[in-house]
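Chain naming follows the written order as A, B, C and D, and within any one chain the residues start at number 1.
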Amino acid sequence: MRLYEYEAKELLAEHGIPIPKGFLARSVEEVTSCAERIGNRVVLKAQILSGGRGKAGGILFASSPQEAAEKAKSLLAAKIKGYQVKSVYVEQALDIAKELYIGVTIDRVNYKVVLIGCEEGGVEIEEIARRSPERIVKFSREIDEPFFSHDGVAFAKQIGFSGKALQTVAKISKAAVNIFYSYDAKLVEVNPLAQLQDGSLVAADARISIDEDALFRQGQLQKLGVENRHEEGEMTGREKQAREASIPYLDLDGDIGMFPGGAGFGIAGNDLIIDLGGQPANFMDSGGGPSPERIAKMLMLLEENPRVKAIFGARFGGVSRCDDFAKGVILFLKTGKLTKPIAMRMTGNMWEEGLRIFEEERKQNPHLFDKIEIFGIETPIAYVAKRAVELARAEERKTD
Amino acid sequence: MAILVTKRSRVVVQGITGKSGDFHTSQMLKCRTNIVAGTSPGKGGTTVNGIPVYDTVRECVERHQADVSVLFLPARFVLDSTVEAIRAGIKLVVVVPEHIPIHDMIRIRKYAKAHGTMVIGGNTAGIISPDEANVGIIPPIAFKKGRVGSVSRSGSMTYYVADTLTRSGYGESTCVGLGGDPILGSTFAEILPLFDKDPETDAVILVGEIGGVYEESAAPTIRQIRKPILAIVGGRYAPVGKRMGHAGAIIEGEMGTAQTKLNALEEAGAYPVMNLSDIPKVLQELIGPPKG
Amino acid sequence: MRLYEYEAKELLAEHGIPIPKGFLARSVEEVTSCAERIGNRVVLKAQILSGGRGKAGGILFASSPQEAAEKAKSLLAAKIKGYQVKSVYVEQALDIAKELYIGVTIDRVNYKVVLIGCEEGGVEIEEIARRSPERIVKFSREIDEPFFSHDGVAFAKQIGFSGKALQTVAKISKAAVNIFYSYDAKLVEVNPLAQLQDGSLVAADARISIDEDALFRQGQLQKLGVENRHEEGEMTGREKQAREASIPYLDLDGDIGMFPGGAGFGIAGNDLIIDLGGQPANFMDSGGGPSPERIAKMLMLLEENPRVKAIFGARFGGVSRCDDFAKGVILFLKTGKLTKPIAMRMTGNMWEEGLRIFEEERKQNPHLFDKIEIFGIETPIAYVAKRAVELARAEERKTD
Amino acid sequence: MAILVTKRSRVVVQGITGKSGDFHTSQMLKCRTNIVAGTSPGKGGTTVNGIPVYDTVRECVERHQADVSVLFLPARFVLDSTVEAIRAGIKLVVVVPEHIPIHDMIRIRKYAKAHGTMVIGGNTAGIISPDEANVGIIPPIAFKKGRVGSVSRSGSMTYYVADTLTRSGYGESTCVGLGGDPILGSTFAEILPLFDKDPETDAVILVGEIGGVYEESAAPTIRQIRKPILAIVGGRYAPVGKRMGHAGAIIEGEMGTAQTKLNALEEAGAYPVMNLSDIPKVLQELIGPPKG
């Protein structure tokens, strides 16, 4: 869960990392008054939850409040990388002599916390890591191992600092580690850390990503107004709709609606369909133990997707039980909205009960099952997938 | 024999009095898993599904020689409960809950390593050794005792692999779900050597997926394994995902697509398999037809 | 640095430890309205920085707001254990079935953090510790060793709890440990932890003592309005005056003004004087590296103390240098206020310089040195002490 | 020989560029203490009193084989700087600053023990071995090389004891100030065995004072010491002080007055001495007249 730049900078400042003078503005008028307060040259930065703003036109310079107002007008009307720009961070423009990099993250291979530094920074940092990895300084630590001031000094020294800058970089690195732990961060990145013409150091940009799963114990972030959010700038309407129902969902280009169980088979199922000559219209995951309502919602998303010609369903009941699954499917069928053929397999925990639920409903309302083929453990999943591809082809021929 | 969980495993269910703990205890018992005790602080002295409940894991170890634990608790209690199990002397902890804070998982891993305990999960379906024990939430329907092991990052893929193995007559020795959370207690690299040493396992199916670097980092271990490893990696056609800032790229480098994973695994000596239905054919070439 | 009960309870509540309903009141009117808000029976507790309030009449019960007002009137006029009662904590009276004890402190012998619990509590806890130490449960931990919920459960179980109370005591003990670390506490004591007739548990009284030396990093305490304070209830006027000048000072019963260097000799010097037949009028310590001004102030305190007949001075310059010492003595002498004889020894760091300063001043103003005898390294300290005792005896004879 | 600090000690001054570090470095140099380097982050490359300054202790160890460090820094930096010294491989850290947070001192103690480093202080005057080395702020005027050691909780008493020993002709091997802070890096129990092993020490003066339990907790060690120990405890006539809540009493029991301390020390085999001026007489009985 990424923080906005202005939020990240607030945390930085609170932990003693110098940031440029700056204010958040939500309207052209606010931008003007912020620019006046700052005086001199300012930079307007679109507050969106995405990197690469600069290249996408989300960062503009202005030499006067008037110019700031003009540019803010277009910026606040713009959509950048899929995000509607709702606010602009107005910041004093910096006279940067050099860009550095400092980051703290998790080394998932070795289960360590890593502090990373480089005397070059900015957008080129990944390129440097690839080309000249020896220039990247890495301090790898056990989780919760205290990070002392003298660790920061050793780190700054290894990057190549001395004198006053050594002390500042030492402090900033210690502060970055503090932020990492204090807010259950996945990533704390000060990039670029700008060294100005006068030698002083200031965090020109910052990226902080918080572990959503630890938000429950992040009272301070809640107080700061930070809440669970996603990087939804580039989401399609259907993806947003799915997210509101807490269904992991991604639109793809094909015509087979994917209605799988867990994420693992959600991914592998897509491979399977493509190998069989089909093209999935989406990725989807039911999440652990979905309610009948969520199951029904998942089907509705596919029904309403005009791309979808046929639906491939797979349920291997684990923590998600087949009885709940069957109830959900019936809940959807009863809406009477189904127009697309479904090939589906159901087995796993409580499959007998799931089957019984289907059979009972079929006795009552046989017509509900006109477009749905339900298979069980006796049928290999590849057969069911192939059937879904066939159904899609048949539908295609119909429309031709 | 099987690995990790067998008939001789003495299982304690942490969080046995919760809805999910209660239900899955009954399911595990149906598979004749040797559940000896459960915990729920403040509910010591009661029973659930005929299993005695204690306030602490230590009591379960002292009175019932429990050696495996399985967690059915909200994510926020997982660090505490896992450390409790480790300190009490439990040697295998199966963490079913998902969405465990990442920092906590790293703490757990550190603590477990220091004490020689293996932690599986979080967000794992569990571990099943058919006819021996079923620890977690795995539906036993597709499983049948046999001589092929599996280790997977995905619960559903564990089921489908077993479905395939059972259908083709190979059956399974043990199937291990590593879990779906981003930071896992154990990875391929720790499980594969156990299969290599198990006299009742002839081959192993490794099921990876896009994201993370667990497949790539298993490569050095795979080179040491003598038994054939079949590797499936889900997400061969997945659109390129988003990355987590520059720091991730600096640490992890160019890893993480299905193709780089398959390449790394093949280079290390594993046999790449594209689809589940190809498994029996490849197994036949490597270890011959199913026995019995 | 002890917190007031109401401050301690605020911290307890913030960390999830149940406390009885209660409010701080600074006037009879406030007490009345608090008693009305609480309803039923209330207890009025004098907020002073001292234990043993109950026996000293600092805790009173009232069955009605009227009675509360009456009792508050006398309580707010009272001086308890030397403290003027300035505020009263008005709290719901509890129907206590049993008193328990939970405390966290430092084991200074083993350098550990210890959690202590007992199923009996209240004022008798020390007696229990002496009489039946086996009833006291101690959990000794390395500093910073995480204290988990299951540790709390094990602790509560060992004290003898089960069921719901086990969970509550587990939570309270974990919270107490959290408070201990969060606020750099020397002591966190919930005593008594009251078990009410309905089985529920509530912190009836609490004592939290903070390490003054760590206050600089206790921003939250500062926000709560807690500042460096001392238990000055029983201080004499002169002691308070000394404290304002940051001079550790204690009035004693004798007639020899003690004007030593460090605290160690401050203590041992008193023994020496008594062994030589004298009686010190005070204990004093100059603190590390005192300024000439503080040195002068120390002498002034003794001069102004009517008990003092003669002054025994000793300076062994370490971090406190003899030149600064000599300057301070002269600063005082120049006030012309000295009426009492001084016997003093000076040696240690910069003693030559100190001596030179004295000699120069003596050349200028010989009369300033009429009542002061200054010895150096060549004279044993016991001789100087004996000389001070003699001087006091001589003064005594004069006044007789 | 002497203990802890000798001619061969290679001393680094942490905080050498501060006012106090600068002044006391010059004083220590006057005693011909072998100061090899100083630290002050950001000031590496400069010199103070002719001593080279570095950013880190590690550099002082690598380039000058420093093995003793002395701290002249504000209390809030003591934890950091002591841990830095310990990690760099320093084997003795002398902490001069006072008012160190209590939790920090316990952290320091834990860290030092784990790494086999001895920490003296905080709020110590330091350690002096006359004619060998003077590490801290001890004024050398009263000190003269001899064969009696001292270990004291008070700086001023260290001076007065030496004054007495020098005056009576015994002189001192090494004098150790434990420090005046409530929680100390090292205590009597750790210093006494060093004197016992030192061939140039014939007897030891232990100077305690009211408060705390360091004297009582030294008793078991004193029983193991073969050399005579003279014990002075300041505060025999002190009014009974205030105690820190019930918890202190529960942990420490009935300890802490000068009398209980003297009793404990005597019972363990130490020779109680009431006043400084009695020291020579008692020494004469125990180890004979001063040599030379």
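In this section, contacts are C-beta pairs under 8 Å (C-beta built on N, C-alpha and C of every residue); 3 or more make two chains touch, one makes a residue touch a chain.
Remember, it's a predicted structure, so these values are computed and weren't measured experimentally.
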item: Contact-linked chain groups that survive once chain C is dropped from view; value: one piece
item: Comparison of B-C and A-B (more C-beta pairs in contact); value: A-B
item: CA centroid of chain A to CA centroid of chain B, Å; value: 27
item: Centroid spacing, where centroids are CA-atom means, of chain B and chain D in whole angstrom; value: 56
item: Chain contact graph, described as a line, ring, star, complete graph or other shape; value: ring
item: All touching chain pairs, where touch follows the definition stated at the start; value: A-B, A-D, B-C, C-D
item: Touching residues (chain side chain D, partner chain C) in the complex; value: 20, 27, 75-76, 96, 98-104, 106-107, 109-110, 123, 125, 137-139, 141-142, 152-160, 163-164, 167, 180, 182-183, 207, 209-210, 212-213, 217, 232, 234-239, 242, 244-254, 274-277
item: Chain B contact footprint on chain A (complex, rising order); value: 51, 101, 103-109, 111-114, 116, 125-126, 129-130, 136, 138, 142-144, 181, 184, 186-187, 189, 191, 207, 209, 211-214, 216-217, 231, 250, 252, 260-268, 270-272, 274-275, 283, 288, 314, 316-319, 347-349, 351, 377, 380-382
item: Residue ranges of chain B in contact with chain C within the complex; value: 41-45, 55-58, 77, 79-81, 83-84, 87
item: Residues on chain C engaged by chain B in the complex (per definition of touch); value: 146, 148-150, 153-154, 157, 162-164, 166-167, 170
